[in-house]
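Quick heads-up: structures coming right below.
Shared chain: chain A. Partners: chain B in the first complex, chain C in the second.
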Partner chain A sequence: MTKTKSNSAVEFLKQNLVLCGIVVLIIVTAIAEPKFVGAANLNNILRQLGPLPFAALGMTFVIIGGFIDLSIVGIISLVGVVTIGLIDPLGQVGALLAGLVLGAFLGWLNGFVLTACGAMTQAEVLFITYGMSSVYTALALIYTKSETLRIARSSKPYTIFTTLGSGNIGIIPIALIVFLLFLILMHLFHTKTIWGRAIALMGGNKDAAYLVGFNVKATMRLAYAINGLMSALASVALLSRVTTATATSGAGYETNAILCVVVGGTTLKGGKGSVLRTMLGVVLITLLGNCMNMLNLSTYMQTVMRGTVLVIAIWLDNRKEL
Partner chain B sequence: MEKTTDYILEVKDICKYFPGVKALDHVSLSIPQGVVYGIVGENGAGKSTLMKILSGVYEKDEGTVIFNGETIEHTTPIQALRRGLSIIYQEFNLVNTMTVGENIFLGRFSENHGMRGTHKKAKELLDSIGSSISTTSLVGDLSASEMQMVEIAKALSFDSKLIIMDEPSSSLTSEELKKLGIIINQLRDKGVSVIYISHKLDEIFEYCNIVTIMRDGCVIDTKPVEELTRSDMIAKMVGRTIENEYPPRAHFVGEPLLEVRNLNTNKLHDINFTLHKGEILGLVGLVGAGRTEIIRALYGADKVKGHQVILEGKTVKIPTPKQAKQAGMALVPEDRKREGLILPFSVESNITMASLEDLTHMGIVDASKEADIGKRQIESLAIKTPTPETKVVTLSGGNQQKCIVGRWMERNPKILILDEPTRGIDVGAKYEIYVLMNKIVEAGGAIIMISSELPEVLNMSNRVLVICDGRITGEFNPEEATATEIMDKAIG
Partner chain C sequence: MSAKANVNKIWAVISKQKAVVAIIALMVMMLFFDTTFYTPYNWLDMLRSTAILEIVAFGVTVAVICGGCDLSCGGTLCLGGILAVMMVNKGMPIWLAVIAALVSGAVVGFINGFLVVHQKTEPFIITLGMGMLLKGICQQLTDAHPLTCTSLEFMKLSNMKFFGTVPSLVVYMLVLFIIFYCIMRFTSFGRNCYAIGGNYEVAKYSGIKVVPIKWAAFIISGTVSALAGVLLASRMNTGSSVYGDTTGMLVNCGVVIGGTSFAGGVGGMVESFIGLFVIQLLTNCMNQLGVDGYYQRLFEGILIVIIIASDCFGRKLKRERV
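Let's look at the complex of A and B:
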């Protein structure tokens, strides 16, 4: 009897490890630094959530599909500078839409290049998307001539961006509300639609999915296009918050997005994963960053911590199979 | 000391528990020196679990293991090897990009004082089993039977006293199988014991001295092979008497349904054939003759151009499996785990994946209809699974195969292509698959069946095409043809 009881406790821990991690983290930090649970810091945390969740959301689909995408650095940078640059010629709504379309296109282009090359292994995909990222970043550099673009320099109105970047409803940032909307949409897309299913089946076994009549190449392009669109949203969230964009503003987002996805429990082997769990990963990683700031840990030490969390997450994922 | 009382391995009352299952229930075996010891049983009978305990992959929960007079409490695969117990798995454990000699002594080059010594020793070992493979050729370039020779040489290099062979014949042609038989006899003469695990009872009767029959984790019987008949053995394996291994042949052949003309690739030459409604067409040939290539080209799985496919009187183009599915074809591929199943997914998802489009309205999959399909196929094919949500990877081979067949049954295919439909599945499940095939042709569907088991083809099909080196070399009526005639054409 006691054996089954402790088993079910272990089982619960295994299933909800990230949630437990978040709770422990909050308790420990709150004891060590009471300011952590103060209103100012909570507001700060909510605002910090900005771009990363969007990037992680898109990355979830690529990873569930059995691939990976390092190019979001380039997409976030390029979309950011182009969006700001288009406020004057197209107006703010036009610029926003153009930015999103550009992001989706760049993602689709990744998928197109990959399928055209016949790149079907994670290693090939890793290197090609890394190359695509360099291309996108270089285009952003050419476009900006290495200068920082500022929203405030536009001659047309740019209220959408400033509202998105610093507007609140009650204490909840508008960016967060927009994000939650997309989270629900993407969750439904993953669990309810045939396209979401096709991505997961492809991640589970490409050959089997192909032989039962799925168009694996089109599915792959779709997964990358979704990631491109989500990266564009991340880019917009970022430029709205900081009101500037440079050719390198996307740096670091790829590793953090992958980190959130994996910590959330989506396996790098593809097939199995959950959009909602990725969000737990985002919360954990963001909180971890905030806690370490509150506790005055050096940024180098923070990088070490993030790496450690990633290694532990993959280790746990592999232990689950046993 | 009498040789027969000298046991190399004694296993007493071994038990092994997995969550919710008793995989082994007080299993006891005694394996004398210098015999070939057969172990038979359906999938899930516990054979593999027992072998994994012996080789140190799993820990036993209860019982004792005495190997070569020494009681073994804990072991790891490498310790087991060093003690002289090696196991040759169905999927070989070789490094394709390294040479034969390197593979045999992998990680032990220094024992032979460098590479020259390694290759010399490797050659001696290969010579001792009468194999002429060059020790410097790459393992990736070898045929399946040559790889098996390398595995056996590797086992001998550890001075093995007991070699376990798990389904050694599944990837061998009948010629290669004969060679394996000779080697097994040589091993026995040298005093090495062999545990031979196989679903193919003919081999058990041919090679083994003693047979243990397992079922549901228990030893049912152990007897010298002469004291058993084939039907005894099957009855003990399945726990009931099976009157026949095959159902009566179906006779529903009607008018032409599919015509394939001028199929040519690098490997295939002038393939022309016709398939009729209600027909079971058997494709026979050695492994690598081009059987799988023919059906993959027909199904649109490989890019092939220039051939003509006429379905129900109309020329159709089938460039991808998607079009094949729309044209009413279905494929149960050869390699269930690599090409058929999505292993980490549920039984239900694996069954419904071919029908998802029909359940989708405006992009949304109808979950309740999906659950209905899952339930319907699980029921009608009697798939043994705790729930539809159970991961398919946990099912036995036969039940996994039924999931793939069920996936297509839901769509009532006009043409069902079965590539080695009964490979690695047990007698009971085989019979159920055969019955299912008959049901399909009775309903007016047609079946193309590839099989390396000649008796299966001879008993099930209405017509047999023999493939050799990418050409159709013969056509037979299986009710009149003999196995010898067919093999003669297959060898070419």
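Let's look at the complex of A and C:
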């Protein structure tokens, strides 16, 4: 009897490793540095969430679909500079919409290239999206001539971006509210709509999805288009926060997004996972960064920690299956 | 009939050797421009510029042929260079510094091998995380400053010239090429690598010691990357944590472009050499023609996408024919 009880405790630990990690992290840091639980730091953490959760949210769908996307570096950079560049000719609403449409289009283009050449394994997808990322970054460089674009330089009003970047409702940043809205939307999309289920089915078994009669190619393009759209949102969140955009501002987001998704517990093999789990991954990674800042560890050690967490998370994830 | 057969034969050769076709196309194109492209100096210079990446690629190819992949080679390269410079600056003999760097690479390869081969995790995501981890370690070691080497002897390692004209890097590259070609072609280890990459289960039941051999492939990949890092540090006379940021993806891309399949079991040193040489040749051609740096990146991305996409397309056609 006791044995089964301890087994179920272990089982619970295994299933909710990330949650336990978050709790342990909070307790340890709160004891070592009481300022950690103060209101100022809480506000800080909420702000630090910033663009990463958007990118991770989009990446979740691609990974659930059994693929991977390295091109969000390029998408975030290109959308950022184009959005700022379009504030003057189109006005702020037009620029925002154009940026989002561009992001979705670039994502769709990835999916189109992949389906057109019939890339089916993760390795092929990895390299093609890497090439696409080079192309997008190069376009951003050509567009800006590697100058830094600033929102403040545009002559039209740009209140949407400043509100999104630094506005608050009570203690909660507006960017976070927008994100929560999208989180709920995407969760419903993933669990309740036929397209969301099709993506998961495609990740589980492509041949079965094809034989059942799903249009696998269209599903794949859809997953990538969603990823592009979410990357565009991440880009808008980023440029609103820092009020500038450069042709390399997206650097590093691809690994961090994949890190959050995988740490959250979505398997790279595809088929399993959820957007809520990704959210846990994002919280863990952001908290980890914040805790290390509070404990006065160098930024470089944070990179080491992220790498270690990624390697260990994949390892544990894999052991669960054995 | 025979004409048609010939056309088919030529088409088969072309579709197999896309990288060679790209090289020939670029060389023919350069005939029409009045540049210094066709001079011995330019060709030696091209070989010297590409030597470091080629050396990394030789190691990575062994891992890829075994059905693995090593994206951590950028981090290993960085770490090897920094360790060597640090030890030489402390006054240790150069041979000891080089050996220490090689050992560090071997250790990284050993850990990669443990996680990928022994624990059966997905190679590219594990090595991606490992690369991130190593990057952090490198930044921590150097405090993100470039480390200048004080020893002239160490600098001579890759800056001297044999016979007055041939740069030493080219000689190292050729020697390593011959060694690796012979290993993969004529030793049982090399042939077993192909067998493991071709079909892991069959190789296992044929009595090949699959785990140690694949593990060794990762160790070789790490060691060779570290060696390349030492040579790069000697060439630049500095060890810096910014080296190797793009090396991981670029080298693996080059290996795949050459025709070494990520599925494993196909390809070889010649293919990898050609694959990376294409990228260098493209850069050189564009430099000769005075193409803007941003457009160079664009064309590089397009080249990667086209070659890998056409590769996928060929496999797709083959699948559908069967």
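Here is the rule we use: the second predicted complex is superposed on the first by the 322 of 322 C-alpha atoms of A that agree within 3 Å, B and C clash if a C-alpha of one lies under 4 Å from a C-alpha of the other, contacts with A are read in each partner's own complex, and residues count from 1 in each chain.
Just so it is clear, contacts are C-beta pairs under 8 Å (C-beta built on N, C-alpha and C of every residue); 3 or more make two chains touch, one makes a residue touch a chain.
A quick note: this is a predicted structure, and the numbers were derived from the prediction, not measured.
Of the two partner chains, neither chain B nor chain C is touched by A:V101.
By the touch criterion defined above, A:L201 lies against chain B but remains apart from chain C after alignment on the C-alpha atoms of chain A. Of the two partner chains, neither chain B nor chain C is touched by A:I160. When the two complexes are overlaid, the chain among chain B and chain C that reaches more residues of chain A is C. In the superposed pair of complexes, A:I142 makes contact with chain C only, with no contact to chain B.
By the document's definition of touching, of the two partners only chain C reaches A:T303; chain B does not. Applying the stated contact rule after C-alpha superposition, one finds that A:A119 touches chain C and leaves chain B untouched.
Overlap of the chain B and chain C interfaces on chain A comprises residues 269.
By the touch rule above, chain A contacts chain B in their complex via residues 192-195, 197, 200-201, 204-205, 207-215, 269, 271-272. On chain A, the positions that touch chain C within their shared complex are 70, 113, 116-124, 126-128, 130-139, 141-142, 145-146, 255, 258-259, 262, 268-269, 298-308, 310-311, 314-315, 318-319, 322. Remark: chain B residues 299, 301, 320-322, 324-326, 331, 333, 338-345, 349, 353-354, 356-357, 360, 363-365, 367, 407 touch chain A in the complex.
Across the complex, chain C meets chain A through its residues 69, 115, 119-122, 124-126, 128-137, 139-140, 143-144, 249, 252-253, 256, 262-263, 292, 294-295, 297-298, 300-305, 308-313, 315-316, 319.
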